[in-house]
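Quick heads-up: structures coming right below.
Common to both upcoming complexes is chain A, partnered first by chain B, then by chain C.
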Partner chain A sequence: MAQQNNPVLPRGVTQATFEKALEAFRALLGEENVLAQPSQLTPYSKVMMSVENDAHAPSAALTVSSVEQVQGVVRICNEHKIPIWPISTGRNFGYGSAAPVQRGQVILDLKKMNRILKVDPDMCYALVEPGVTYQQLYDYIEENNLPLMLSFPAPSAIASPLGNIMDRGVGYTPYGEHFMMQCGMEVVLANGDIYRTGMGGVKGSNTWQIFKWGFGPTLDGMFTQANYGIVTKIGFWLMPKPPVFKPFEVIFENEEDIVDIVEMLRPLRISGTIPNSVVIANVLWEAGSANVRRQTYTTESGHTPDEILKKIQRDTGMGAWNLYAALYGTQEQVDADWKIVSEAFKRLGKGRIVTQEEAGDKQPFKYRAQLMSGVPNLQEFGLYNWRGGGGSMWFAPVSEARGSECEKQARLAKRILHKHGLDYVAEFIVGPRDMHHVVDVLFDRTNPEETARADACFNELLDEFEKEGYAVYRVNTRFQERVARSYGTVKRDVEHAIKRALDPNNILAPGRSGIDLHTYNKV
Partner chain B sequence: MRWSRRAVLKSLAISSAGLAMARPRGTVASASGDGRRLLALVNDDPAGAAFLRGAMAAGAVLLQARIISSDVQALLALERELRQADGLRVIGLLDDATGTLVVDLARGAGARISWLAQHATSTEGSRHLVFDIDRTEDRTRWLVDHLYAKGAGYQTVVQRRGESPKQWSSGPRGAAPPGVWPGAVGHLLGSLATSTRAIRDAGSDNVVTHDKFVSFLIEV
Partner chain C sequence: MTSSRCKATWKWPLLAASLPLSFCASVVQAQEGGRWSSGALLYEKVCGHCHKPEVGVGTLLEGRELPPEYVTYIVRNGLNAMPAFPASFIDDESIRLVAEYLASLQTQAIQP
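Moving on, here comes the complex of A and B:
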């Protein structure tokens, strides 16, 4: 079919070459899987970042149904030098959504590759394709009455295990560090080869999802947050469903309490007494998740004053910090751990413990308990209504799980956000030794002035945190090049040497995590 | 203020099931153009009610109205519906959380989006960020003219693929009602969805809201 001139083209590609590539894609995939009309591309272009949608507009999107088609797409891309941006379910809200890192890239949408290839209830693992959602897997486990439990991010129902692992996302169960639980990948490389990591290369092996390391170099990690291959299958371990699950919340009144909370928590996390990725959410995260809206309290622009935060606490019973954790196991195990944990909190002399029995169906306790026990929901999207206007960028620096460090980061982030008239909406996700300090930089995209402030704010957050030796673990596509610089030139040189070796035509997601042969000059 | 679900539905005279057919008085049944089913999604709030009244005033017949929130089951059911539908148009005005989810589920279901905008009410009137998709500039222009005619203040930015954004703005005049825009957006989308050519007067429904919204036209 003849196309009108496309106003958005891949970098360095002429209209004529692009047309040829589209023709080749149509021949390979069929007309209905090559999307190039504006109304087909708009859903892929709705970003939440502090730039116009056009800055990340794709030139086209392709939907594929098989590994062979992925190989065919890669072949055409090499021939015409077309850059592609792979997504699994594309629900990377706040990190770039489904849109590509660079304007004009062709989205390779893997949503139609959505087969659950295997769930092994004895060995407790799953092997899935990119388009499988957590909800799909949850339904499968429920329908087949399997004694297994999922771990997922808050957009659980609609996100994918493969996409989440690709961005090294986190969940809230004992298996919450998702990349740690990953075991075995199948990757289509830029030259079309199919590479299976770990034990996957051994003919007839039945341990691909059992033993991560295989033999020689272990390369799985280099395909995450990267652009060295298109992952078409992923294996990951599943937690056996425990007979008893005991979620609880501890509410702390004051912002300064964060120091004591973290100091008390760390030994319980490192010893495994509290096994899951604990969350410590601040009052605004808690309020947003429970659908409290800013305009109920103020319609003034700028950041929300501390007096209002205190009023929200009084009105709702929420804390300045709200800790959610859970115990898992047999009744005897849970009872024994509960004794240790509750006594530790009592010794701390602050914090009000809330159990499931006390909380009932109240939000946000309910959705937190669901996340910690592998039941999908979308409750946390309420954050988008706190300020409203469609702007959201996660600022996610890594912190030591040390009270003084968490307090320092919290104060620094709050000061910078307030300087730019924005709110500190944050949670700490507690690993044994690290914290993902996740701040939702929420702003109103209908207001150009506020959008510009959000952009300046994000830059300043990155700059000021870097001065203190902090860096983020993941970032939206607008700031990936900037963040890559924080990690040093040697790392970048190595990454580009690998890129040159594996993808000399620079067709796979150039710009992903700052890796782009076209713009990175060092030889 | 707690706006009850019943009040929204009652104001539209559609059945309490929330899924009923509504035929606005005095409109012509064939006005839906190609006869595709038309579904409207709104929140349980006054802006949603004004949006629906606006859509129906535009002659959007065979209108099904559904109140929706970010409840996971309702959203997954909508996604299934979009996936399985053969000829369905969905217009809506939703809070940011639900709107973001609905638009992305439409992407997942392979639907087209012919209109997408963000809206906010401000002290000076209202702000609209419109992603112009299928050359709907004349419709945006109509929205702006309508707000101007009512004396309402507005700031409208139109972004289009491959072009620099366009802006229109005007301050409020007289005792201008700041909340006429939800009805006007309903009218605009009702007419866009039903391919009604002549846009009649969208009325002056004035809604007091400080919430922010996403509006859309999804086509399967």
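Moving on, here comes the complex of A and C:
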């Protein structure tokens, strides 16, 4: 292939070497699975971050269909020192989508590995390949009338369970802390070895998806948000579908109510009375996901004034904070828990309870109830229409589930966003002891000036939160190195020691979570 | 570790053959690459989650007779918040099928 057809090359790789690698990939995978034409790479290049797509452009993409092909790819990468960026479905919107962390990395697209290997309705688990989507798994469970329920993030229909678990994503059911529910994974290491975690290495074992820990060191977590291997199978536990599901919302009128909400909620979460990953969404999250658009209220640039937020509340009946939770179990269990929960809210003296019977098909209640009961939808993408223009970056600091802390974080985030002319669009999620404080930094990516503001804003959010002892649990590919620095040098030394041991040629996603033997110089 | 040492530890054919694969008997047949069996199915499982009239997130598409070339361009490039999809997720033939299917539907009067 002529040089002009490869305008992007992997870091430190010459055109000639790259050509040799492409030839080897073609021999292994077939011409149709080695994508190097710009038009073929376009779908992998689109990001929602505050940089041009070009900053994260891949040099090529490989589509593979088997573990053996993945092994073959890493063999070629070792030989030619080609860095690869594995994706399952690449639907990690607002965290980097499919594009690599560093320009020029070769995407290893695992979407074609999309077999549901096993769903056990007795032991309540699934074992799947990377390309399986939640929608695919949901359809399988429905078609086979299995008494099981999924937990997934908002982009459920098109996202991959494996990808979400590997990024330590969250969902909205009692199984919403997804990595906690993971059990057993198969990893292709950089040297081509196939490593199965937990009980997976025991010949003839039938407990790979049953018992997490196995014997000796338990390494599953080491492969999440990391670049030590390519996960080709993952097991995870599924919740039995309950006979009764009771979703509800509690609407709070004032921003400062967040303190009382969290204080009231924490004991109910820690005791398990409310079992699921409760969400507390602010008015703009609520409005955006219900298709309210900013241009209906103002066309002025900058942040949306509080008076408008109050007007949205008056117009729609939404709260400054909107709590969504659900109860699961037999009718007797749900009735007993509902009595405890509803009386706790009544004692609080604020908050208006809305049940499913009262909400009917109204959004956003409907999609929230679907997410809490494992029914795929993409309604929350309405958020992207609030401001429009396709810019979105998730700022997700971890907070104690303590009212004063949540309020402090909310005020700090709002102040910084407003300083940069952007809106505070946020929810608190998960618990029981922590809150993922998830802020969608929305901006018009077609406007370079607004994009530059969003970039500066995100940097300032990271800096100012760090000064208060806060850090994010996950971040998009533009800020991976920056966030890695927040967690200290000892952690980074250990991570790079592991990298040197497992991937000495630095071929697997260098730069992921700031782990890159080429740039990390500390010895 | 040098690359030569990496080569020395290369042993995938042996390992792959020795791993327990008893679960393969229950493997569920999956969609073949990015090929969808019909435009209606693709719309139901992917596009419609945003573009159906009752959802109101994406632009209405039903009954608009958008040329397959245009639909292909948008699916491959994305548009603002709409994500781009590679052929491994939705192949060219499937895009043609969904474009045909959308053109066959009744036009929706209200734009979100």
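Criterion: the second predicted complex is superposed on the first by the 518 of 523 C-alpha atoms of A that agree within 3 Å, B and C clash if a C-alpha of one lies under 4 Å from a C-alpha of the other, contacts with A are read in each partner's own complex, and residues count from 1 in each chain.
Please note the rule applied: a residue touches a chain if its C-beta (ideal position, glycine included) is under 8 Å from a C-beta of that chain, and two chains touch if they have at least 3 such contacts.
Bear in mind that the values here come from a model prediction, so they are computed numbers and not experimental data.
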{"item": "Combined model on chain A where chain B meets chain C, clash or fit", "value": "clash"}
{"item": "Greater chain A contact set [chain C / chain B]", "value": "C"}
{"item": "First, second, both or neither for A:111, with chain B first and chain C second", "value": "both"}
{"item": "Touched partner set for A:79, first chain B, second chain C, both or neither", "value": "second"}
{"item": "Contacts of A:158 with chain B and chain C, given as first, second, both or neither", "value": "both"}
{"item": "Partner chain(s) touched by A:140 [first = chain B, second = chain C, both, neither]", "value": "second"}
{"item": "Contacts of A:67 with chain B and chain C, given as first, second, both or neither", "value": "second"}
{"item": "Contacts of A:432 with chain B and chain C, given as first, second, both or neither", "value": "neither"}
{"item": "First (chain B), second (chain C), both or neither touched by A:204", "value": "second"}
{"item": "Partner chain(s) touched by A:190 [first = chain B, second = chain C, both, neither]", "value": "second"}
{"item": "Contacts of A:121 with chain B and chain C, given as first, second, both or neither", "value": "neither"}
{"item": "Residue range of chain B overlapping chain C upon superposition on chain A, of 24-32, 96-104 or 132-140", "value": "96-104"}
{"item": "Where chain A meets both chain C and chain B, residue numbers", "value": "39-40, 42-46, 48, 63, 89-91, 93, 97-98, 111, 135, 157-158, 376-379, 381-382, 384-385, 388-390, 445-446"}
{"item": "Residues of chain B touching chain A in the complex", "value": "70-72, 75-76, 95-98, 100-101, 103-108, 110-114, 116, 118-120, 122-123, 127-129, 131, 133-134, 155, 157, 159-163, 165, 210-214, 219"}
{"item": "For the chain C and chain A complex, residues of the former touching the latter", "value": "1-3, 5-7, 9-12, 15-16, 18-20, 22-24, 26-31, 33-34, 45-46, 49-50, 55-58, 75-89, 112"}
{"item": "Touching residues (chain side chain A, partner chain C) in the complex", "value": "35, 39-40, 42-46, 48, 61, 63, 65, 67-68, 71, 75, 78-79, 81, 89-91, 93, 97-98, 109, 111-112, 114-119, 127, 129, 131-132, 135-136, 139-140, 157-158, 190-194, 196, 203-206, 291, 376-379, 381-382, 384-385, 388-390, 392, 445-446, 500-501, 504-505"}
{"item": "Sites on chain A touched by chain B in the complex", "value": "7-8, 37-46, 48, 52-54, 57, 63, 89-91, 93, 97-98, 111, 135, 157-158, 293, 295, 299, 376-379, 381-385, 387-390, 444-448"}
